[in-house]
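Next come two complexes built around subunit A: one with subunit B, the other with subunit C.
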Partner chain A sequence: MNKQWQIELEKIIKDKKRLLSNPADLLSYGFDGSFGQYQPERVVQPINREEVADIMKLANTFGVPVYPRGQATCLSGGPLPVRGGIVLDTCKMKDKLTIDSENLTATVSPGVITSKIKEAAEKEGFFYPPDPSSAHVSTIGGNVAENSGGPRGLKYGVTGNYVLGLEVVTPQGEIIRTGGQTIKNVTGYNLTQLLVGSEGTLGVITEVTLRLIPKPKSRVSLLVVFDDLVASGKAISGILSSGIMPSAMEIIDQHCINAVERHKPAGYPVDAAAILLIELDGHPKAIEEEMVEADRICREIGAREVQTASDEEDQKKLWEARKLVSPAIAKIKPTKISEDATVPRSKIPEMFERLSEIREKYNVELVVFGHAGDGNLHPNILTDKRDQEEMKRVEMAVSEIFESAIEVGGTLSGEHGIGTMKAPFMEKELGKIGLEMMRRVKEAWDPNDVMNPGKIFPQDGQTKLVLTE
Partner chain B sequence: MNKQWQIELEKIIKDKKRLLSNPADLLSYGFDGSFGQYQPERVVQPINREEVADIMKLANTFGVPVYPRGQATCLSGGPLPVRGGIVLDTCKMKDKLTIDSENLTATVSPGVITSKIKEAAEKEGFFYPPDPSSAHVSTIGGNVAENSGGPRGLKYGVTGNYVLGLEVVTPQGEIIRTGGQTIKNVTGYNLTQLLVGSEGTLGVITEVTLRLIPKPKSRVSLLVVFDDLVASGKAISGILSSGIMPSAMEIIDQHCINAVERHKPAGYPVDAAAILLIELDGHPKAIEEEMVEADRICREIGAREVQTASDEEDQKKLWEARKLVSPAIAKIKPTKISEDATVPRSKIPEMFERLSEIREKYNVELVVFGHAGDGNLHPNILTDKRDQEEMKRVEMAVSEIFESAIEVGGTLSGEHGIGTMKAPFMEKELGKIGLEMMRRVKEAWDPNDVMNPGKIFPQDGQTKLVLTE
Partner chain C sequence: MSTQSLKELQEKIGYSYTFDCVQCGYCLPACPTYETMGKETHSPRGRINLVKMAAEGKLDLSDLRDPIEKCLGCQACVTACPTNTQYGKILEGAKEVLNEESTLPFPKKKVQDFIFNRVFPSSKWMDTIGHFTWAYQKTGLQKFARKTGLSNFAPLNLAKFEQVLPNQVSPKVRSSRKGFYPAVGKAKASVAFFKGCIMDSTFYSTNQNTISLLNHAGADVYIPDEQTCCGALHAHSGEGDSAKVLAKRNIEQFEKYDVDYVVNNAGGCGAQLVEYDHLLKNDEQWRERAISFVRKSKDISSVLFELGGLPSLVEKQEVVTYQPSCHLTHVQKVTEAPKLLAKSAPGVTFKEMDDEQKCCGSAGIYNIVNYKEAMEILDVKMAKVKPTHAATIITTNPGCLLQMKMGIQREGLEEKVRAVHLVDFLFERLPAQNSI
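Coming up: the complex of A and B.
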């Protein structure tokens, strides 16, 4: 028999195609790109903010958890319905994608795929820099909720740096607008940036206003090959302290290089200890000079080889191969645990050393790639969740990765979010009071704890990662 | 006789030179760069975070209002001790100013003067872009609390865009750290950006970690003269939609030009309707091309004259004159009311028209300059607060400026903050619930309302500006 709230929900979403309850649907809305599988009681697909507001009012009244999600490419468990209830899928809210050429802004519905925004902007001569690897499948609503990053964080910042304003449905079902259309706005608290990266725990995003910038005139890419991982770390510092600000600077270690070459050969040198992929953008004359300078710096530090790619096709190939790293390493073993520990740039060589010790110590398949220019590494552990003994070791390895990042002055998460997996480590980074001040915001906004409950904040006494069942 | 909290305060700040209570001191800590004069009961000058924490614990226990301030150059009343209590002057906390060349960050005490950060960064080849006109006197703590802007917002953003982490004493006297040293950080809510621009109502800033960027290789400036204000607005759009992103683009109207020339002649053309001051920075080749292009666009739209300045001395002169606008217009009449209504760039011509109507309608001395490139205008009204009849008209004119900004899709404040003067208009821009969601944060963090009370949030029923006594 249906519960009262389920009956009420049918009055809000009358279109049966947008209110799902059969087991197959519930199953397919129970996971994301991270670890774990849960079962919601209902899945709804609202098409406008009024429906979202009505759903939240109902949820708030009946105390039913609501789990908002876009395409669920999330790597930290953000959309997981850990306490059942309602999954609120925003993918059908995708009718708006307006470029305002005079004000250099884009206004978009939350369900719009991020790469479509980029394309629309480029058609008008503009540039939307945030470029998470999932951009061709993930939604802008999800990107904003998780404050997605990607390779371009170094020079251009992350999603949040481009969000000027939001329309949001609060946990109690009220529709508010934050920020606006202007770059400068100090009218009261910055609720926009409070909501960005809040992982759907403070509201449901129903519209986003984004800042665009002029499209850079040209781009070049470099592939730099190193026989020594530490040297590659030094090259990163060397380039940045020379005054060059690459639009992207990625590192790929030997394990990842080999995985890519096995998966879909890209011509990466399989015997290299690491490669750096560097993108420079701007005025043609400027990047020509910078390219020569970067080449010189890398060779001086001990790069074995520097390849440059100026034409669009060659560059595309280089970067497409980079995007294959994640799917390629996923083939090594059935379970992939992807982290995003982020450290001050100067600590990259030290972090590499620590990661290699962790690999040895726990005998786990630990590989590393990531956005080296901004210190945002992606240590990935490839494992098999059915192997309970190995999972114990993985658990300890992951914990030690988190601890190492904090110890060298870094942070638990650079771009994936906290979700379920990193919640136990929050207090270690933020301290008791730091975490308490976040919790106060959550409680003030969502007194009945219905908005994506079970995320970010550790459950009572939860201070350890548990991956085994 | 001293109150109990005053006796306790003496136990925290034992150095009598840093705990002020004589009438002359209290008087001189009772105003800022805005309108109004109030009287605190005590002024304290803590020298470290522990003293700040103890002061806040005491204030929280006894329910005494605490008003943090830096150099009080604030134009919106942020530091005004509107309910008496304690003024907490952070100017003596200025021992730390560390540039980290490897991580491109600066870590600074709140009392450090902003221009000193810029100088220290430049010595190492880096650039700290935020450039409020008060930078040579205002403190970084105040800049962060108010999220100060300046001419460079267009290309480089405002103070908040450079704040990576904070150390803050909460309203209840706990010391927390937010953010960190990395560009990417999504570990829980973005408390850093919640605190930036919160005008000292959520905590006292005791340390700031700032992001630096490589210093642009070169700079040029253009002075563009227009016989028609609307044409100057069109030139702004024309330049931006051509793909050029100037590092600054300022507008100065005829009234302001004349005031500057009377104050300290800079060679600005006194018969022009408006002038644009444009700064381009980047690679020498790139800005050379952009300079030619900007010149062409401006002339095509009807500029009477375009002067270019490439050498450092000439540029310095141009921009120093720009910084004189505010002191120069202050000489017109004894009271200067400086606003910072900010509109979407495309609405600048419309806003200019409205401002000129307001000038006529209320017969007030209304002049305009500002950061035209990012829509952040500075309508200033010159008046005399002793003239009650004129003040009534000023009141109405200011209200109509606020309303106009909101009506064209802009915001009450681009960079000065809300403080006391704009609080009555908050609900008009944010809506009842939008404002309520801000208030919930304030109440959750500061349950006893001791942290800069009386700011941002309108008092009960307060919906109108009152400048007369």
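Coming up: the complex of A and C.
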């Protein structure tokens, strides 16, 4: 027997193809790129804001949870339907992608794939810098909801720095607009930035207006090889304090290098303890000087080798390999627990030391790569979820990673969000009252707790990560 | 389901392979059915997850059937996957399990058995089909059937395919084939030709042209006459045991010849031939023999390329594009040789289409059993072909060739565009066309 809300839902989404209820379909919308499998009661694929509004009105009336979903590349459990209800798949909302060359903005539907925005902007001579490694798969809606970043965060910031305005359907099913088309905007509370990174808990994003910038004139990349991981950390601070602002600065440790080379050789040196990938962009004359300077600094700190790539092809190759790190390390062992603890940049060498201690202490396959330039490290633990004993050790190791990050003055998440995975640690970082203020915001927006419930905020008494069954 | 039988199911269905998938979604943009059907259920990531769920007893096998049957098996997801998840093996395992569970009505099962186990393996049957098609075309029956709309009553939309079949050679020509064709000039290599079943029955002249090209490139060509169907359609339909029988027979037949290559000209068959070692990996007696067979098995384009290409092709101005066979690209990993050969022909302007490596929807017998879905995929493909303004679409597999011909027909482009097999395209440009 269908429940009343399910009958009502059929009246909103009349196209049967976009309202899914058979077992295979439901299970297919019960996972993301992280951990856990759930079963929603319905999956809907709306095609416009009006349908989204009607779905939210219905959900709010009947108290049915709704989980917005892009392409489910989330690494923190954001779109998981943890309490049944409706998965609201935004992938069919992709009809709009317009570039306004006069105002240097782009207006897009939430289901548009991020890399398409970049391509469209480049056609007009503009640049959309945020580039999560998942950009060719993930949606802009998901990027905004997670405030996704990428290698270019160092110089250009993250998705949130480019969002000027949003159209959002509230948990009660009202359609609102926040921000606008202007670069400056201080009218009232900054709801736009509150919604950025809200992980789908405050509303459904149905349109995004993004800021574009002129395309940098030229670009060059360096591959710097180190025999010592901590030295590579020092080189990062060395370059940044010299006044050079690379557009990206990535670190990849030996385990990750090996994983990439085993998977799809890119010519990374397999015997190095770590490599730094540095990208400089700007005026050709300026980057030429910066290149020489960066080279000198790295060598002084103990780099074994510095290679430069200035033609498009070579650079593309270097960076494509970087994009493969995350998936390639998954070959080490079947289950991948991906963290994104972020620390102040000066603390990178210290964090490296702590991570290698954790690796030893719990005897786990812990590897590190990340957007070192902005302190955003991705310690990853490779394990096998069928091995319960090892999973217990992994749970403890992950907890200690979070604690270490917070202790050195860092944060739980630089870009992957809190979702279900990091909720238990929120109070540690924010304090009781800090978290309470966030909770009050959520309750004010969504008194019936229908909008992506079970995310960000820990359940009562939930203080540790649980990965075992 | 009891734990014991769940265990058995997990063995068969390739449960352990599913753990290689980290659900990153990198395969989604590569998958043609995800593009046209627009839901996770029909994506590689989704299908892998469903197989896993079924293996854990959380999904009924009957609910797994549709997602698995609607998969083209094109393996584009395997190429895209950064963790190298063996989707092909997961798919094969799922098909085999579903096939065993099958509740096909008795007559349908009988027909399927008959086709797979009697018709495909038998060159006699295949010849008969060739003769029949020839007779059908020659006697005017075809015209009559088309005019009266009679052909539309054929089951499974076969009529639509019948319209794009090439003209057939007469039974007399067919029976005049020899067992050996010597190289033109001094022989650089010797090859044994795998003629295929459908390929040889309906694309007889392409096969003869293949032999000419090989001779021209400096190869002695042998044609083992006891060879049989490669078994690809069997393996892909979950008929693993029949596939093994066929594989053994082929290995045995080709072992009789001491050659440098075993050459084939159909991407799909080739993909099956190079997986004989995987197919027979648990068979003590056959494993080694399969490995040496696989080592020699190559696509015609790779062999021509390795022999140094074709000397002195005739110049002809033509804009061409290339629709790669999925099995050639994603299983055999042959991507450059066909393009380089096409480009090497004087006067050719080569235009790559967008998303070249996406399946055209042909995929074995997919376009026959899943006609509607296949046509949606084809329409997407044709939308990518048109902007190239190519007059010729080159393909490397009979299934793709027919599918592209249908695409041309659907778009009403018969006057402007043609689809041809790479072999025939090159053959047209041989200096002295000493056809055989």
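Here, the second predicted complex is superposed on the first by the 469 of 469 C-alpha atoms of A that agree within 3 Å, B and C clash if a C-alpha of one lies under 4 Å from a C-alpha of the other, contacts with A are read in each partner's own complex, and residues count from 1 in each chain.
Just so we're on the same page, a residue touches a chain if its C-beta (ideal position, glycine included) is under 8 Å from a C-beta of that chain, and two chains touch if they have at least 3 such contacts.
Since the model is a prediction, treat every value here as computed from it, not as a measurement.
**Student:** Go through the superposed model and pick first if A:270 touches only subunit B, second if only subunit C, both, or neither.
**Tutor:** A:270 sits against neither subunit B nor subunit C.
**Student:** Considering only touches as defined above, state whether A:336 meets subunit B (first), subunit C (second), both or neither.
**Tutor:** second
**Student:** Is A:149 in contact with subunit B, with subunit C, with both, or with neither (first, second, both, neither)?
**Tutor:** Once the two structures are laid over each other on A, A:149 reaches subunit B alone.
**Student:** In the superposed arrangement, does A:466 touch subunit B (first), subunit C (second), both or neither?
**Tutor:** After superposing on A, A:466 lies clear of both subunit B and subunit C.
**Student:** Between subunit B (first) and subunit C (second), which, if any, makes contact with A:71: first, second, both or neither?
**Tutor:** In the superposed model, A:71 contacts subunit C only, not subunit B.
**Student:** Could you tell me if A:282 is touching subunit B, subunit C, both of them or neither one (first, second, both, neither)?
**Tutor:** The first partner, subunit B, only.
**Student:** Touch test for A:7: subunit B only (first), subunit C only (second), both, or neither?
**Tutor:** Touch partners of A:7: none, neither subunit B nor subunit C.
**Student:** Can you tell me whether subunit B or subunit C touches more residues on subunit A?
**Tutor:** Residues of subunit A touched, subunit B against subunit C: more for B.
**Student:** Go through the superposed model and pick first if A:113 touches only subunit B, second if only subunit C, both, or neither.
**Tutor:** second
**Student:** Which subunit B residues qualify as touching subunit A in the complex?
**Tutor:** Against subunit A, subunit B makes touches at 100-105, 125, 146-147, 149, 153-154, 157-158, 160-161, 170, 174-178, 180-191, 193-194, 196-198, 202, 213-215, 217, 237, 240-241, 243-245, 282-283, 285-286, 289, 342-346, 371, 374-376, 409-418, 422, 426, 429-431, 433-435, 437-438, 440-445, 456.
**Student:** Residues of subunit C touching subunit A in their complex?
**Tutor:** Listed in rising order, the residues are 19-20, 22-26, 28-29, 38-41, 43, 46, 49-50, 53, 58-60, 63-64, 66-67, 81-84.
**Student:** Which subunit A residues qualify as touching subunit C in the complex?
**Tutor:** 20, 22-25, 27-29, 31-33, 37, 43, 45, 71-73, 89, 91-92, 113, 134, 136-138, 263-264, 324, 326-328, 330-331, 334-336, 384, 386
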